[in-house]
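Below are two complexes that have chain A in common, paired first with chain B and then with chain C.
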Partner chain A sequence: MLVMGEVHTGLLQNSGEIPESTCRDVLQLLSGERVRVSRRPIVYAVSPDLLTGVDCRLPSASQSRIRGAGTVLSRSSITGGRVVQGSSFTRIERSGSDRRQPWSHYLARPGVVEVLGKVKSRDLADGFAEDPPADGLDLGAISARFLDVVQSSPLLDRRAPFKIARTRLRWVAEEGEPAIRFTLHSEQMRTVRLVHTGEFTPAVADLCEDLALHDWLLTALLVIIERARIGGTPGPEAAVKLAPAVDHLLHLWMPSARVDDVLSAYWESLDRRPGFTRQWQSLVDRVRDQLAVHTLAFLREKSGGGAR
Partner chain B sequence: MTSVNATFGEVAAERRIASAPLSHVSIELGHLYMEDFEAGPERLREQFRRVAPWAGTVRSSWQDRVPGGRARVSTCFLIDDYFSRFSTPAELVPMVLEAAADCDLTIDYIARESACAVSDGVELARLVEDRLVNDPPPDTNGSRPPVKESGWLCNGARSPQVGTVQAMGKANRWAPPLQNAKRGHSIFVDVELWDENGGKRTWSCPFLAAVWQLLRLGLLRTDGRLPLRPVMREDAFPDDWESLPAVMQLNPAAAPFSAYTTLSVLSPRFLPVELAVRTILSQVAVDGDVLRQVVARSGGEGIRLEEELVDRISYVFA
Partner chain C sequence: MLIFAISDKGGTGRSVTSTNIVYRHALQGNDVCYLDFDFGSPTAGAIFSVGSVARGTTRKGLHDYLLGEGAPEPHRVDVWTESDREGLRTKPPGAGRLVLLPGNEGGGELPAVEEETLRRCVQLFSRLDEEFDLVMVDVSAGRSFTAEMVLQATVRLPSVPFRWLVFHRWTRQHIIAADGLVTGADGLLDAGTRFGHDRNALRDRIRFVRTAVLEPDAAELVGLRDEQRAWLFACDTELRELASRHKVGRTSMLGKIPLDPILQWREQLISDEDVLASKIANAETAAAFDDLAKKIVDDAAWEGL
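And then the complex of A and B:
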């Protein structure tokens, strides 16, 4: 019927980026299951999928009381040894019955929540993309725990190079004519409404995680530039404040790196409007220009000092 | 220039899941405890005499179901070497085989119960414990981590603790526990999974029996591999249990150890244990890829398996 998900993205609580082997250890959340790692074009490590059982109210734009039971699929991932994500999603499906089934029924459908009773797909999707009820399905809390479990790993030194808030991206995917809408809500909250042709595949969740990652990178870079108060503070001070961007962020921009070919058109359309990559490139240029200007000033000062 | 279709693969990024050879049904002919052994071979023969007609019935019902009557049926026998150690394989295994033969039964595989806890360095019981996804009571929306009582697993919501004080200062009164998917009235089950003594964990009998069922259903994997493969018997049986393989194949012509379905023929005294086993198995999340693999295999030979794994397990209490 539809799929709901939420991705939390944050800066790994470690002074430097962590190597692939540490990523594996940090993400080893389930015994007897490997952490999957891909190295091209950027090191990306993802934990095994884990399930959380739920039996609760589902979001509804019309405020109807809709109950669903089943499991939510979640995972933690680390990109470039630097950015951590906690991601959860569940497929919402109609149940053949109005009754809560024995739990084994739901475990035979991992990652599916079945609606008990009648429901309209649009009502659910609208409800989730807006403001879900406080006592309703809380994918945000589940994703936050999957981010926390990484951040609290004893293998991390908890000395992040700069402070930056987590972002949350809530997404809903439905079947139909391909479309995507990305909305910025508050400083930390984003929503994505995505319509895909054919059946849902986990590649849609990968796409949303990739969007969340890049939106976070953009947000983080904007924050760093804002904090540097270019023009408002002396050049050297601004340059020092921009340095973490160079050290930790600039090389991480790899849009669509893990996105299925079938879905890369979504990225491309978002890249045309609003133009994530365009904005990123202009910010990167700004950082580099600032550092160049500062370097020139520094060299001039040095050579000028020598002449005197 | 024409476009080139490039593919790039990374082994570490892909998931590979081994598939298990599978029979149609795995029949457990018995489960031997120390007291049975102490009672002597006559007790064993008595048990096998009781089991034989049921095993025959299941075998022929599968032969009717499978085209050409070529049903793959394997039989197994479990020896408890976990809760009590007694005798030696060299003494005991031939005695069991002889008693079975007296009742026209062939034991294809013999297994050690301790293998369900640890086998070849793989902690199978831990593996299963990590895959428990608790049956959520109503109003579980994910906002808090699942409530887990360390070492226990239930099928609903426990009674609130009597005597503890609520937020408004009122002491909690007793309230009944509730089964989650009850039909009218609750049958609340709370199972002890393990206990610990001096840092040493002892798994409960139902928990090991749950692992045993999962092994027989071929649903466990460790790093994508099968956690144990039966080892063909040697001429002589060893003098200590440790030297006996976790699962030993006794009959060279046997159908595979694991199967789409299982049947256990047990004494009715095991009924509470098996209720506990089902309570546990109802909350084990088997890997989705493994579930699909088994469904595809059985579908390929025209067999529709029950979706829920607890429904692939049947019993005769006789």
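And then the complex of A and C:
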């Protein structure tokens, strides 16, 4: 019927980036299952999928009381040894019967929540974009916990190079005529409404995680530039404040790196408008230009005032 | 960094001083948040002039969050956008974020420290430390389960730096009580050691802040008779001796806030506008807050005693 998910993205709480081997150890949340790692074009490590059992109210724009039971699929990942994500999603399907089934039934369908009773797909999808009710399905809380598990690993030194808020990206995918809409809500909240042709595949979740990752990078870079107050503070001070961006963020931009070819058109459309890569590039240029200007000023100062 | 604000007794000006420190720290360009853990009387909303949460929030506040009552995240208030005071409603250029996490309206003190509550507290501190340069926690007055909870939480977060500020007024009773709160039976050091802190290391992370201090040479005292001034001076000298005997003296003091009429009549943030434009606040008070806001993160002010 539809799939809903939420991805939380944050800065790994470590002074520097961590090597691939440490990524593996940190993500070993479930013993016995392997952490998957890909190395090109950027090191990406992802934990085994874990299931959370849920039996609760589902979101509804019309405030109807819809009950669902089943499991949510979640995972944690680390990109470039620097950015951490907690991601959860579940497929919402109509139940074959009106009665609540034993857990064995739901466990046989990992990542599926069955709706008990009548439901409209549109009502669910519209409701999901809003904050979940207190007793409702809260994928964000599950994703946040998967992010916490990584951040509290004893293998990390917790001396992150700068403070930055996590962002959350809530997404809904439905079948139909291909379309995507990305919306910025508050400082940390984003939603994606995606329509895909054919059956849902986990590649859609990968796409949303990739979008969340790049949106976080863009947000973090904007925050760092704002804090530097270019023009409002003396050059050397601004340069010092921009340095963390160069040390930790600028090399991480790899849009669509892990996105299935079938879905890359979605990224391309977002790159045309609103134009993620365009904004990123202009910010990167700004940071580098600032550093260049500062270097020139510094050199001029050292050579005793230059054109005297 | 986590800063815990505590006082020996109520009415010391703990909340108004700690909110002003946080406000100044934000103006200095840092991202800060303020946690109202004074569950019995959550009034931080009023000090920040956020009318909707003046006596705590009716939504999911810190109290609900810690007790696990249906709140995966506690309610946050962005002071720069939600304050009713016009002077606070625009974020000054270069200032950092200023976020308030209010308590619940009618919440009540914690009945005990359950494992689940403690786990949530650790999770909250850990998440906020990721996001904010400074997290100020108003722990309320005296010995409480809240103080025990944060002492235990910091044991579980060994790599998150924390510090304690003990607020007291400059009177005989307050000096003795402030010392008692730290070193007395079941005080901060006793309780902290019981939960796994190293006593000496914890001692090094505690500093005193004097509030509503009237200096004998203050300008306000010019009208006093010579006898009165001599008496005040003698009192002050006596208090200094008492304070140093109780190890609440100058070396363990982080700062002092002068007596300011505006703070006696209304607990509020003192903005530069209050000092320069309307002139209802004294410049010394704002300067004292500004100085404290720098000192709480200045390692030199926190070197071992």
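Going forward, the second predicted complex is superposed on the first by the 304 of 308 C-alpha atoms of A that agree within 3 Å, B and C clash if a C-alpha of one lies under 4 Å from a C-alpha of the other, contacts with A are read in each partner's own complex, and residues count from 1 in each chain.
One rule holds for everything that comes next: contacts are C-beta pairs under 8 Å (C-beta built on N, C-alpha and C of every residue); 3 or more make two chains touch, one makes a residue touch a chain.
Note that this is a predicted model, so its numbers are computed, not measured.
K.L.:
Once the shared chain is lined up, is A:174 touching chain B (first), chain C (second), both, or neither of them?
P.N.:
Touch status of A:174: no partner.
K.L.:
If we overlay the two complexes on their shared chain A, which of chain B and chain C does A:55 touch? Say first, second, both or neither.
P.N.:
Only chain B; A:55 stays clear of chain C.
K.L.:
Considering only touches as defined above, state whether A:138 meets chain B (first), chain C (second), both or neither.
P.N.:
both
K.L.:
So, does A:110 touch the first partner chain B, the second partner chain C, both, or neither?
P.N.:
After superposition on chain A, A:110 lies in contact with chain B alone.
K.L.:
In the overlay, answer first, second, both or neither for which of chain B and chain C A:166 touches.
P.N.:
Touch partner of A:166: chain C, not chain B.
K.L.:
On the A-aligned overlay, A:30 touches which partner chain: chain B = first, chain C = second, or both, or neither?
P.N.:
First partner only, chain B.
K.L.:
May I ask you to decide whether A:72 touches chain B, chain C, both, or neither, giving the answer as first, second, both or neither?
P.N.:
first
K.L.:
Looking at A:227, would you say it contacts chain B, chain C, both, or neither? Reply first, second, both or neither.
P.N.:
In the superposed model, A:227 contacts chain C only, not chain B.
K.L.:
Specify the partner with more touching residues on chain A, choosing between chain B and chain C.
P.N.:
Per-residue touch count on chain A favours B.
K.L.:
List the residues of chain A that touch chain B in one complex and chain C in the other.
P.N.:
Residues 135, 138, 141, which sit in both footprints.
K.L.:
Using the touch definition up top, name the residues of chain A that touch chain B in the complex.
P.N.:
30-34, 36-40, 44, 49, 51-57, 67, 69, 71-72, 88, 99-105, 107-108, 110-111, 135-139, 141-142, 145
K.L.:
Enumerate the contact residues on chain C facing chain A in the complex.
P.N.:
So the residues of chain C in touch with chain A come to 29, 31, 60, 70-73, 93-94, 96, 123, 126-127, 129-133, 159-160.
K.L.:
Considering only the defined contacts, which chain A positions touch chain C in the complex?
P.N.:
The touching residues are 10-11, 13, 134-135, 138, 140-141, 144, 148, 151-152, 157-160, 163-166, 227, 229, 232-233.
K.L.:
Contact residues on chain B for chain A in the complex?
P.N.:
Against chain A, the touching part of chain B is residues 8, 10, 12-15, 122-123, 126-127, 130-131, 133-146, 155, 180-181, 221-224, 227, 281-286, 288, 291, 307-311.
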